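Here the structure comes first, spelled out in structure tokens, and everything after it is commentary.
A, B and C label the chains in the order they appear, each numbered from 1.
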Amino acid sequence: MIRFLRGAAVPVALLIAWEIYARTGIAPRYVVAPTEVVKTLWAMTLNGSIFKHTGRSIERATVGFAVGAFFGTLAGLTAGVLKPVENFYDPIISLTYPVPKIALLPLIFTWFGIGDTAKFVIIIMAVFYPTFIASFYGAKSVERVLIWSARNMGASRWQVFRRVVVPAAMPQVFNGLRVGLALSLIIMVTSELIAANEGLGYLIGAAQESLRFDIMYVALLIIGLLGFGADRLMRIARRKLLVGQTLGSEAGNG
Amino acid sequence: MTPFPSKLRDFLAHWYSVPLLLACWEIVSHSGWVQPRLVPSLMLIGQIFWRDLLSGVLIHHTTVTLYRALGGFLMAVVAGCTLGAAMARNRTIDALFEPIFSFGFPIPRIALYPVFIFIFGLGDASKIALVFLEGMFVITLHTYQGIRAVPNTMVWAGSSMGANSRQLFWRVLLPAALPMIFTGFRIALPVALIIVVSTEIIGESVGLGYYIQFASASFDDAKSLAGIAAVAIIGFALDRALIWLRNRAVFWQPEAVALG
Amino acid sequence: MPFLEIDHLVKEFTRKERVIRAIDGIDLMVKEGEFVSIVGPSGCGKTTLLHMLAGFVPVDQGALRLDGKPILGPGPDRGVIFQEYALFPWRTAHGNVMWPLEIKGVPKAEREATADRYLDLVHLEGFRDHYPAELSGGMKQRVALARILVLDPRILLMDEPFGALDSQTRELMQEELLEIWGKTGKTVIFITHDIDEAIYLSDRVVVMTARPGKVKEDFRVDLPRPRRLDIKKTPEYAAYRNKVWDLLHVEVIAARAQTPDGRA
């Protein structure tokens, strides 16, 4: 509890200072008092507009994330156990991995139009990489004795994959999913900032143009909560699903 | 069998997928199934790349992008390492800052860009600030965790050999945490590039992101792809440079060049 | 007819175009139900031999036969116990013991009950729902033993199974292994560095030479069974102990002087 209070000290102090500064009247217009932001949030909740934008953003991020993560993990795990698959992906991934996928965004807009398809495509691409790499390494680094002992107990190659490699790689797979989730939100916001007429990124852009800073902060707040909430969900899922593998190794996971 | 053809075969066995994909691209481009404007031939992309490289246009935009990315990144390295080390060594600083970092980490900070524009203006400063903020998070957390993860036995061994706390920090903790710190750098550097290119796409009049966005907006996909190639090259080169540096700094624990 | 037959076994490793001979013509016959220990200096090829028996590593020359049939790959007729336990960290003790039964397709109720029975056998019924990370080294190795026994293998192949345990736990495990061996009558090939362990447990002790590994000496341990730990105080036991120590000492010295490619 004391630790919690101390941890909250800096953010709370900042918020109070911010509120006072905003109310003095000498602050520039973009410094909006936190209480004003909450009021706007309440108003937007009452008229339902916040749900509309949040819903659209969540939809884009989730669909993109789910598809990208599915294919990334699947390809990564297969490449980890099958040499020909590894040979196919390895050069492509290692050449393009450090390249910011976001640079493709304008091009993808010209290919697919500025609708949702383009946003899905870019999110899927961005999520594919970290999930692929994490599950590839997860599958590759499964301890040899585990595989041997499974073979010794009569498991077929498929059973070894399904019942040893996949569960053993799971902690790494989750690391990849976590990175992918963060990326999907970043790309979601960016692509909505560039071209959209609904969604939280759009809301920020529109608020910026009409100088409605209170709305901008509301959108920022929601985006922050989404990022935080999604990450927490992921961590809870990880802890629930991987009981045996997370025992005694929680500390280093900040 | 002579060694040469077998080397060539190994090389092809490893790299075949890249030429294969490029060939597919080229086939699609010439097939007439899609408008050639949308999938321009590699030849055309190469010509435009070469033209803009010679005229200095690409170099100009690249310099701006690199300046923003590296500027923010280097500031984040200095600040992140300092703060991370301070948090790991001092309980009060830890209690004050650790929650901000662990709670704030999953929040997509790029959404702050419009606010930064108002604070720092449209030019370099807002982008460098955003890169700095983003890099700070990653580097601070990695430095912090790297130092915290040094096994006690190693520290005890050092102090029993007479090292004072200063020497312990510079000669035990820091080297032991270095691999982790470099992992942080390796995550932060591509992120720096992502941030700069994205913000340049959102609204700018210079930089590679702008170059790509402008080309796409004028339906010149070949030029857009030339810009993407430039981003790809610097992204790749920066990563390799960082690995080179890392393997010299952390010479006792080499890292594979390839993935991850 | 011998149960397990090792016939002129040779194994070489190629590393950077240099050939390293790890095993240089081993011949060994083991009868059904026999408990055979193999001791030898570090690096003499004991693990390699065991991995070939298990079918993980291919044979270069010579042959391996179990019950007259050549060994060509891994199979549940040979249960392997690894020094590193090789438990699945995502499964509880009970889940680990059930694992091979799932692979075999045993119905759920039956495999649950069987796994419980084998956990009883190794005295771990109280730790049924613990994950490997929550078990001590000795407990982990007992789970691994139960997991192998559940398949009812014809022979147990154990590679320094108690090597990572402290000496008290190790002695307890030795007693327990003997008890289980008495109940099940399995054939056991047991690799160890510990001379006491080899003599206390075995019907026969095989001493190997420094690399390339050959059989240096192969003799029976004629101590009465069932054996209790206090047998270690008898003069007969001490005589065996000294004999193995002398045999081994020469080889350990020879192994220490070796370069990687095997020249002394």
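Here are a few things to note about the model shown:
The working rule: a contact is a pair of C-beta atoms (placed from the backbone, for glycine too) under 8 Å apart; a residue touches a chain by one contact, two chains touch by 3 or more.
The structure displayed is predicted, hence computed values, not measured ones.
No other pair of chains has as many C-beta pairs in contact as A-B. Set against the C-alpha centre of chain B, every other chain centre is closer than that of C. The distance from the centre of chain A to the centre of chain C, with each centre set as the mean of the Cα atoms, comes to 48 Å. Per-chain Cα centroids separate chain A from chain B by 18 Å. Taken together, the chain B residues at the contact with chain A in this complex read 13-18, 21, 38, 95-103, 105-108, 110-115, 117-119, 141, 144-145, 148-149, 190, 193-194, 197-198, 201-202, 208-209, 212-213, 215-217, 219, 221, 224-225, 227-228, 231-232, 235-236, 238-239, 257-260. Residues of chain C touching chain A in their complex: 54-56, 74-76, 78-80, 82, 84, 86, 88-92, 99-100, 102-104, 131-134, 147-148, 151. Those residues of chain A lying in contact with chain C across their complex are 143, 145-146, 148-155, 159, 163-164, 167-168, 170, 242-245, 247-248.
Chain A meets chain B in the complex at residues 3, 6-11, 28, 30, 87-107, 109-111, 133-134, 136-137, 181-182, 185-186, 188-190, 193-194, 200-201, 204-205, 207-208, 213, 216, 219-220, 223-224, 227-228, 230-231, 252, 254.
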